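Next up: some structures, all given as structure tokens.
In the two complexes that follow, chain A is the common piece, with chain B as its partner first and chain C second.
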Partner chain A sequence: MTNHANTVETEQCAGHVLVRLGGEVDLSWSQDVRRAVLAALQGGLPVGVDLAAVDYIDSSGIAALVEGLQGARSRGVAFALIAVSAQVRAVLELARLDRVFTLAATTDEAFAGP
Partner chain B sequence: MLHHGVGTLAFLAELSQALAVSLDLETTLAETVDRVLGFMQAEAASLFLIETDGSRSVLQCHICAGPIDVRGLRLALGQGVVGRAVAENAIQLVTDAAHDPRVWRAADETHAFDTRSLVCAPLATAAGPIGALEIINRRDGRPFTAADAELLGVIAAPAALAINNARMARDLVQQQRLKREFDLARRLQRSLLPRRRRDGFPIVAVNRPAHEVSGDFYDYFDLPDGRIGFVVGDVSGKGMDAALLMVRAASLLRWLGMESPAPADWLARANRELCLTAQDGRFVCALVGCCDADATRVRFAGAGFPPVLVWRDGTFTEYAAGGPPLGIAADMTFAEMDIALDQGTLYAYSDGATDVRAADGRPIGTAGIRELIARHAAAAPEARLRALLAELRHMRLVDDTTLLTIEAAHGGQPERVLERRIRAAPEELRGLRVALRGALDGLGVEPELRDRLVLAIDEACANIIRHGYGPDGDGHIELRLTREGNLLSFELCDQAPCADPQRLRPRPLGECRSGGFGLALIDAVMDDWQLEPAPGGCGNRLTLRKRIACIDDEDSDGS
Partner chain C sequence: MPSHPRDGPALQPPGLGPEPPVASAQALIDVHQLQAWYGRRRVLHGIDFRVAAGEIRVIMGGSGSGKSTLLRHLIGLQRPASGTVKLFGTDLGTASERELLAVRKRIGVSFQGGALLTSLSVGENVALPLREHTRLDESTIRIMSRLKLEVVNLGGFQDLMPGQLSGGMVKRAALARAIVMDPRLLFFDEPSAGLDPVVAAELDELILRLRDALRMTIVVVTHELESAFKIADTITVLDQGEILMTGAVEAVRAAPNTRIQDLLNRRPREVQVDAETYLRRLTEEEG
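Our next item is the complex of A and B:
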């Protein structure tokens, strides 16, 4: 299994905000993830959370993403999970949340369209 | 420049096309030589290919056209004009053969042929020349010209390409056939190894070939008097012939052992039999012996085999008894030894285990094996051998490796796979996951299920940390993973205030709410779980169980 460092980075892109996560999202720092995701919603732009470098995620990490989705819905902005790693996808499927989230390969794919 | 005009281009185009679509190379090449003969207006033409004859490479005439048949003629590289064309990878033009020192005249004398002029072009490929195309004597009696030489060089190019392609295709087919045969041999060898026995059987063994097939083997079997016979063997050499000798030695040692399990006699008889048929200096190293069903005493003898190690109460004792390897000299005698195990564990290992290379490239030796055994001594026999093998494979395995242990079975106790104690803090979870992942890998649990099990245990621990101990709590969590057959049990003990099982209710999955679905994930992954007060009145014990499809010990660790 690949080992990415635990990271959360927020990037202001053209027309959306991208939160890039890496490493093993668990109880030890999922609150940081939660704060970053909620902060990204503040600007009112669509938010993508890039999960390509996430090797592990537990229910507290998933909860942060759920909270992000709910926050986005209440603001009426788009919220998508980008480049979801196989490990994260397996947990989303186990939690039956894989169809609740918008999953996309790229932000272009997620936020394109009308 | 070529001066042959349109006719040349047409000829080349036709030739290239014929070669490119050629399915039967022999026929096409014969046709090519005929066509070259006609087109170049030569009296004779021949095609030589480099053949490897043992360690030596020679040029052999493959196809020829003209008045005499020189097929099969062999030349050393560098010999004659053909040899020189290949050795120098350059076209050779001989205008006056009678006075040219490059010409090897013996061929003419043998075949009563008068070579006047000739051209020879190497069949060049990216990896160097693979042969040469030669034309001899212009039919009009004049010597060949530089333009003829250049033209032959152009003709040689597509011929070389076609031969090369055909050879690569043939090699590929051969490789695939060899691979299938090795796979078959490997499966056959595996089928000879005894099945793992779980009924309190004292012997466990593992075998890992360094290559496709193994020269190592192990065996164990019940003897009529209730004792158990065992064998570990190591056939010299590698590859298919060693594998075949292994098959023979394994069956011979099994039958002799069943007939007369006195180790010294057993080896002496096997030695005599193997000496009758041993060949090519091959020999067999082996350890044979027997123990009683409850593994209190072990009697054994070795033939060119590393000494056995016994681990008792935290120290090693080395025992060596026996004689030389089997199959070298017929009249050998072997010494045997009878030892008490005293609740210890006997380790027998083929020299592949000590030949394993550490990071610095040196064999780990007996000291390395001792260190590994000591490190994993606490684990149950099967888990221990799997861990040892995993560590050996993590280093560089250069030889087939076999490990066999004998120890008294612990009366149907579940096998302890992992025990870990962590501080009840979120930052401790990562280390626990790593340990658990490793232990499940060691059991051969497939990755998808492994990740789910790790997630479920991580969720359970997170719940203990968050809800059991709470933000101000301070304590520990103990994880104990045991296995009974195909049933895995994960036990998590804490010293947190007693939890009320009635209050633990999973939220439905798929519900879009943050939080609260850790338990639901556990439910989805595990077959069942149970929370009860820990024995002793303080804390809780959470037991989670999962029956896994089948842990196949022989194949689980892949290859």
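Our next item is the complex of A and C:
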């Protein structure tokens, strides 16, 4: 199992904002993740959360993503989880949230037009 | 068997023997020569018990076998009369209050009767550990506690009071509270007792999914054989305060030990009578 450092980085991309998470998203710093996700919504652009480097996420991390999705919906912008690992997917499935979030392999796939 | 990186590597299910070959340094739970007494009656006779990260361990035994006493020691409700109980490397017998609190934040306990606070709603019961032990934003607490209610199939029941729930719902609400902090180590006392077969099977499935998704190490105390065989990586069989064996499911099923087979086949034990001891028990003065 690869262990990544705990990181949250926000990148302004063409037409969307990408929040990249890494490491173990748990109670000890999930509030930082929450703040970053909510801040990313402020510009009114679609938001993707890249989870490729997430080794572990607990339900406080999932709660941050849920709040992000709810915030995006209230603003009428798209919100997607990108490159979801098997562990993250298992947690989403545990709460049946895999049926609620948009899951995509890449940002292109997530935000491609109709 | 998955494990959390901070818990050390997961081990293969151990084989037949009195205790699995889990090195102490790798064990999340490490019990050594634990003895417990109620008055002059010894109820645990020098228990050695180790559980590795990522494992589902079932403790099985009949009434009076000592499994509830062992559980009380494992969750820190009872201090060892002799021997040691270590969780995450912390000796519960010598730990300071601060160290005990740190351990308690990393474990969840689902009690047999639920132990919900009757003056609080279901949602408030589930959120209680988060309010007591974290400084999370209120919206995060609300989402986390409702997520856990969804996980146990009680979505939308957060405003009910415990008295309005059925026995199975109380058990599931108690489990939601036990897992709301995503504990590394979950103790579950008699999950299937008193439940209808469908709800019991759902709980078994949930225990397996919790281990796999959230990488929990889970200790289940039960006398329900079907449930034990379905969920266990390893089974510890207790009888009269002693561990008869610890082994994988198939090893326990095939164990030649008469007392284990009596338990598995629900054969009543023949009560041994020592005339002198029996007479003394009947006639001895109290005190």
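Things to note:
Here is the rule we go by: the second predicted complex is superposed on the first by the 113 of 114 C-alpha atoms of A that agree within 3 Å, B and C clash if a C-alpha of one lies under 4 Å from a C-alpha of the other, contacts with A are read in each partner's own complex, and residues count from 1 in each chain.
Heads up, the rule we're going with is that a residue touches a chain if its C-beta (ideal position, glycine included) is under 8 Å from a C-beta of that chain, and two chains touch if they have at least 3 such contacts.
Only a predicted model underlies this, so the values are computations on that prediction, with no experimental measurement involved.
Once the two complexes are laid over each other on the shared chain, residue contacts for A:L69 go to chain B alone; chain C is not touched.
Of the two partner chains placed around the shared chain by superposition, neither chain B nor chain C is touched by A:D50.
By the touch criterion stated above, A:D26 is placed in contact with chain B and with chain C alike. In the superposition on chain A, A:V100 makes contact with chain B only, not with chain C. Taken together, the two structures place residues 1, 24, 26-27, 56, 58-60, 62-64, 66-67, 87, 90-91, 94-97 of chain A in contact with chain B in one case and with chain C in the other.
The residues of chain B lying in touch with chain A in their complex are 425-427, 429-430, 433, 437, 448, 451-452, 454-455, 458-459, 462, 465-466, 509-510, 512-515, 517-518, 520-521, 524-525.
Of all residues in chain A, those touching chain C in their complex are 1, 3, 24, 26-27, 30-31, 34, 55-56, 58-60, 62-64, 66-67, 87, 90-91, 93-97.
Within the complex formed with chain A, the chain C residues making contact are 4-5, 134, 136-137, 139-140, 143-144, 147-148, 150-151, 180-182, 209-210, 212-215. If you check the complex, the residues on chain A that touch chain B are 1, 24, 26-29, 56, 58-60, 62-64, 66-67, 69-70, 87, 90-91, 94-97, 100.
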